[in-house]
């Protein structure tokens, strides 16, 4: 029987994969994609918990999270465009003027 | 289900005014847009009036289980409005960099204010998330707002990536807490914690949410964005980040911890104490070798986050009072410093500390303002920062964490060291050129008021303390 | 007008102080005023002392004489529960005699100074300090308690410092003043400890007061309240004071150097009065030393050694003033020895006569220096012809010093020799030899400087200098006949033994004869004698190397090694390592911590994640 | 309620505000305001000394305004016999310091602003009877030192090579003192919290501790925090190294206040807070303190001996002499404590005098390096006279207040720590060594041609500060009783509370052997017949 | 049983696709893999009774967000090599380790369980969800609009090209 734990483990794995992506990718766009994975992992947990509790609050929250994530992507892409335009790169390693 | 709109009047007006600003930005001819700062100020003013009205009416009002209008929130809302007003004043000299995009800037400033206003009243995880995101989005954009400057873009990028990461953890933590309590309302979560048992999942959820807020507050190790973003972002934005956003983070954290997990105090006070120690040490030690004033202020703001956490780690009502005082003191002192730095940056053409050499001869008022502001930040009487630090440490002693107080005390000396290094440049070193400059009248008045506040709070604390007592009392 | 005893007593003490203040306030640029104030005040003081003496000797029948000895008047200086220190005048035979010497000889020397210092730029300062000295000395003399005595003690040291260094432009003078002060300070270290320890031996009702202590101490010792065991230590510590002030061996080194000061100063301070303060102090507190025989023995031997060793030094000295200085040392040694032998009266007696003739000698020497601007006896000669009066005065003084029969020195020295003969035979023989040497070196100075061929042409000094010489010469002659021991309370018991005076006269005669043979007749060549005794001669010339040893201690051991080591510790360990090291460590920590801030966003993410890992671990472990 | 402390405290504060409002080129006005402000304080201080009622004792001239009620913080000013003497000391040093500062020509307005702030802070410490304000003013007094030394100070040079730059000196001083203050703050807060009295008010805390004393472990733990924290400014070996260098780099008027008064804040704080609030803790730790004091005295003396910079020498001598003060405190007998407080007063005046005249020498010759100096008594007779006086006062010559004070410390401490007292007496010898060397090297010796341009203080006005300081030293030295009465009125109850056994040592009046006349206002020649 | 199969199938697909997102060298592949993730997650949502959420997932994420991504990627026109080169140097290695650690920790925490619950889904239909949303979550709902407004205005003001 598939239970809450299954979904949560899946969510945790997904979340971790997102994290690993953030750590290992150098392209800003890829990092943004990985962040989306993380949000999705959280969404999955929310929905699973919603089922566990038998209420809709979790699903409502997911609705908001999706919206916020979309907005986040918008902003992220805008900044990525600026990077590409001004610095001619999307590689985060190359964007490290500010340090120490 | 009716919503008592009068208790939302401030936020509603802010929403309305955002639209007004949007319309104004779209409709006003380019030449007239310079006056948008006045519109913004006016909006903030009206918000303040509405807030005052609420304050006169008084009382606690929990709206839809997620939005708590109480004296505590009003107190900080006032602080946020004040912060935003000063930031508006700061954007005056800075505005010429933003030709054509000033309207959007003020609009974003207002959305950030809206986010902070919401954060002051949060009583629900979702609300917390949204308020935080609203604030943070505005700041992402504003940080990158100088779109021709690589530093600004880099700051925006780093802030965005790390901010999103922290949002991810926040959301995940929220999910875990929701899973634990079955609801995102603080009341429900508190109830669940009270009833127990408390599984690791709940603890993890709480800690992850704290981490998400720790990012806003700039607590070690979630602080790493701070120096870079402070250095790269436009100075007024940095001021907003350092005062507004940090305060909002602290307020939200207080709301969360005291509203949703008071029974878990044994856990989170220890976590906060540990974070506090690390944060103080990192911020103040890291500030020592800095050569850029904004970066230095970034590190210093990390240090201050440590003191704020120290106050919260007392886990008591009185600790929150101390933190509230500290925040007000930090508000006046840090904004005074940032206002001065904005002006100095405009006039000196750089934020490098070298440029500050001999500033006291080039602009005595500015130097004096920085002098007073820095000393207040360092915690020297008779200035506001001193009283804040004293209160915070007192509460930490009360909670029995002498080691933490000891670290805090050592950090007072360390922070004084790097502040004095800047003061040394301004007062002891020879200026590169002898040209002098002045502030415009608005900035002078604002700065003077802030400095007066710094002094006033340093000497006459009773009115504010009373106000805080009234506000914090549950 | 009714003269109250206390008012008169206070006048003795305070009038020089008033003069000193007056000179400092008003007389800095007024030479005549300064001199007048100083001399006037001291004369007032002298007159008051004389009056006191006179009144105290009047016998009245009807009412008790208010001028009854001993008399004490005091003011409370510090009065706290458990501590009372007063400041006052204690007038008894001892202090009256000493005050008479100080003010009397002092007045003569003050008057002498008006002429001697006539050309000096710092005339006012000179008289100001001189008045301060008179006040300080009288403070010692009239002290009612240890603390007052100590205050005077230090103040005379200070005035001596100023007066030795009067010509501060001369490095040697400046150094000499410093040296005098320092040596005395070292001695006073012990002295102060002695005072403290003495104060503390009393279990309750502690006091510094002489008369109280004198009464109480024997009682307390009898009852066993005060342990006898500690008293020798206290006595020795207290004796440190006289060792310094009265320039006893081995702290005598400052006195010869002190001759850098103006000659009247040498006469007053470094011959007649201040250096005698140590002896005076021993007399004043003799009730204490009486109790501890072991200390008395020490005192005897210190005195005898000083007398002998200083006399040896005088044999080879060529500086006229230094010869006198060594002779002063030697005579002080006699006095101290007398005290050690239990003869307080003899000591005081010799002190008094010595004050007269030694002041006379110094003033005569001063007159020579004033007339010839030379003080090396080898460059002098035949002064008898050019400075007849001065020479006469020197002759009288010299003979008194030698102990020539009939002159004052003879009587007082004889008392001491008799005492030694009776109590301590080795000390007696040492003292006797010293007496012979005294005669020898005095005669040596006389023959070389005053007789023979004239080197330059001196001129006789003005009357202002000669009159004091005359007065002092007169006193040196008659002081043996005016019954000083009697006044001090020694009655009858004249020694039947003619042996001691006889021996003494013989020894003096031998000394004089030898000097005449060597330096006047030239029968024995001084040169040959020196060559024959080359080793001891050079040893004496280098003053037993004591100065060198002290110099080595001060310059090398203290300054270079100890102070240097402390400074090194301060500079390298405390400042360099501990303080700056901590600062460096802090800065280094800052540099290391900010290495996290690589600028690469993923490092920041990593930091964030590490934080999360620790938080989650915490959650899991709960 | 008395307005006297307010006058003393607010005169310099208002002066500072007035100066801030004055145009930066109006030097004469700025100076006049400063003289007026410190002069008012001086009058107030004198008045306070004159009107303090010693037989009554306790805190007098109190001002109490509740400040932060919820924490039990009150703006509580007042003086007792100890602090009133120190207020007078500070008033004297401040007033003379302002006069000495006439030599400052650069950035006059800022200088006096900071200077008056410093003065205000120190007055505040001496007048505060509330822990919060005590600490408040304490910290406030430290900070103005930074610009004062940094801007108007001078480097410490040796053979013309900078050994300590003024930036280093001032930073070290500020950081050191702040660190010390922070350590003390922990102690204070801990004390406040663990007292349970909910008040920062010192008298109330004292009363509270009478009825419910603090537990021994707490006292034992808190005392070192307070002692080290405040001891740093005292300055206590081995945490003293900020002080000589700070002295040396500071402009002379600042050195005057710094060495004269600021260092006394530490020992005062130890008396006022550590001793009076933590009696048992004090009892336990003070033997160790005595040992440290010996290090202060002897080590400081020897280091001073090795210095060649005039100000460094005096600086180290100060740290050596403060050892006597701490020793007097450590002995914990009424006499020794009286001596310690009087020594604070005496040393303050003496060292202010010394720094003032070294400042003059430096202004004129532009060097403080001993081998470069010499023979200045020819050009500077007045200064040289003061120099000799200062040296003698420092080495404890009778007639100066220092002698009385040291004597009292020795007398009071002899029964407690005889070994330490022996070292203390030896320290006096060491002092004489370097002080005489200093005087000899600076003022005596042949006239040097390089110093022909050197000028003495000419006008009476320029000499006024020296005259005031010397007269005060002499006055107290010759007639210490009035001040001692005040000090004793407060120190004796303090000691008796800490060590009740001492009270037994008080002699009964019947058994005193000689009856003494009551203290008289003037040492007029009068007395009483002794035993016939 | 079918539920089990479905779950494991979609879960596996999700993880696989997610890994592809992370490790794919071509950005395009990453985006497309993410699309797969979204779709399989939507399927899981459906399994959990969250129908509306599943729909939004497809519409919003797949339909809007990812298209936006693709669009920007095309717009910026960057060469694939420069886009993604995965190299396992220290930082990345550390990231991998820490990521795995977090995964393990989360799993461990989750498996401790201790959660109450019925495991009885409340059907997340448009109607039910809409009711809840507009009745109880109207404040966040309104707030979200301003969030989007801020994002849009911000994105525009950042990315728009200057006229002059």
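Each chain gets a letter, A, B, C, D and E, in the order it is written, and its residues are counted from 1.
Throughout what follows, contacts are C-beta pairs under 8 Å (C-beta built on N, C-alpha and C of every residue); 3 or more make two chains touch, one makes a residue touch a chain.
Predicted, not measured: the structure shown is a model, and the values here were computed from it.
Among the remaining chains, those touching subunit B as well as subunit C are A, D, E. In terms of Cα centroid distance from the overall Cα mean, chain D ranks first. Taking each chain's centre as the mean of its C-alpha atoms, the one that lies farthest from the centre of subunit C is E. Of the two chain pairs examined here, C-E and A-E, the one linked by more C-beta pairs in contact is A-E.
We define each chain's centre as the mean of its Cα atoms; on that basis subunit A and subunit B are separated by 26 Å. Rounded to a whole number, the gap between the C-alpha centres of subunit C and subunit D is 35 angstrom. Centroids of subunit D and subunit E (each the mean of its C-alpha atoms) stand 71 Å apart. Taking the mean of the C-alpha atoms as each chain's centre, subunit A and subunit C sit 95 Å apart. Touching of two or more other chains is recorded for residues 4, 8, 15, 18-19, 22-23, 32, 48-50, 52-53, 55, 57, 60, 64, 68, 71-72, 75, 78-80, 82, 92, 95-100 of subunit A. Contacts with at least two other chains are made by residues 594, 597, 599-603, 605-606, 609-610, 612, 616, 619-620 of subunit C. In subunit B, 126, 130, 133, 137, 140-141, 144, 147, 156-158, 161, 165, 176, 179, 182, 200, 204, 227-228, 289, 417 are the positions where the chain touches two or more neighbouring chains simultaneously. Applying the touch definition to every pair of chains gives A-B, A-C, A-E, B-C, B-D, B-E, C-D, C-E. On subunit C, the positions that touch subunit B within their shared complex are 586-587, 589-591, 593-594, 596-597, 599, 601, 603-605, 607-608, 610-612, 615-616, 618-620, 622.
Contacts from subunit B toward subunit E in the complex involve residues 1, 3, 8, 15, 18, 22, 63-67, 100-101, 104-105, 107-108, 111, 114, 118, 126-127, 130-131, 133-134, 137-138, 140-142, 144-145, 147, 156, 176, 179-180, 182, 197, 199-201, 204.
Note for the complex: subunit E touches subunit A at residues 3-4, 7, 11, 14-15, 18-19, 21-23, 27, 30-31, 34, 37-38, 41, 44-45, 48-50, 52-53, 56-57, 60-61, 64-65, 68-69, 72-73, 75-76, 78, 82-86, 91-92, 94-96, 98-100, 102-103, 106-107, 110-111, 113, 115, 117-122, 124, 128-129, 132-133, 136-137, 140-141, 144, 147-148, 150-152, 154-156, 158-159.
Subunit C meets subunit E in the complex at residues 600, 602-603, 605-606, 609-610, 612-613, 616-617, 619-620.
Residues 172, 175-176, 238, 241-242, 245, 299, 302-303, 305-307, 334-335, 338, 375, 377-378, 388, 392, 395-399, 403-404, 407-408, 410-411, 414-415, 421-422, 425-426, 428-429, 432-433, 436-437, 440, 443-447, 479-481, 484, 488, 492, 505-507, 511-514, 516-520, 523, 525-532 of subunit D are the ones touching subunit C in the complex.
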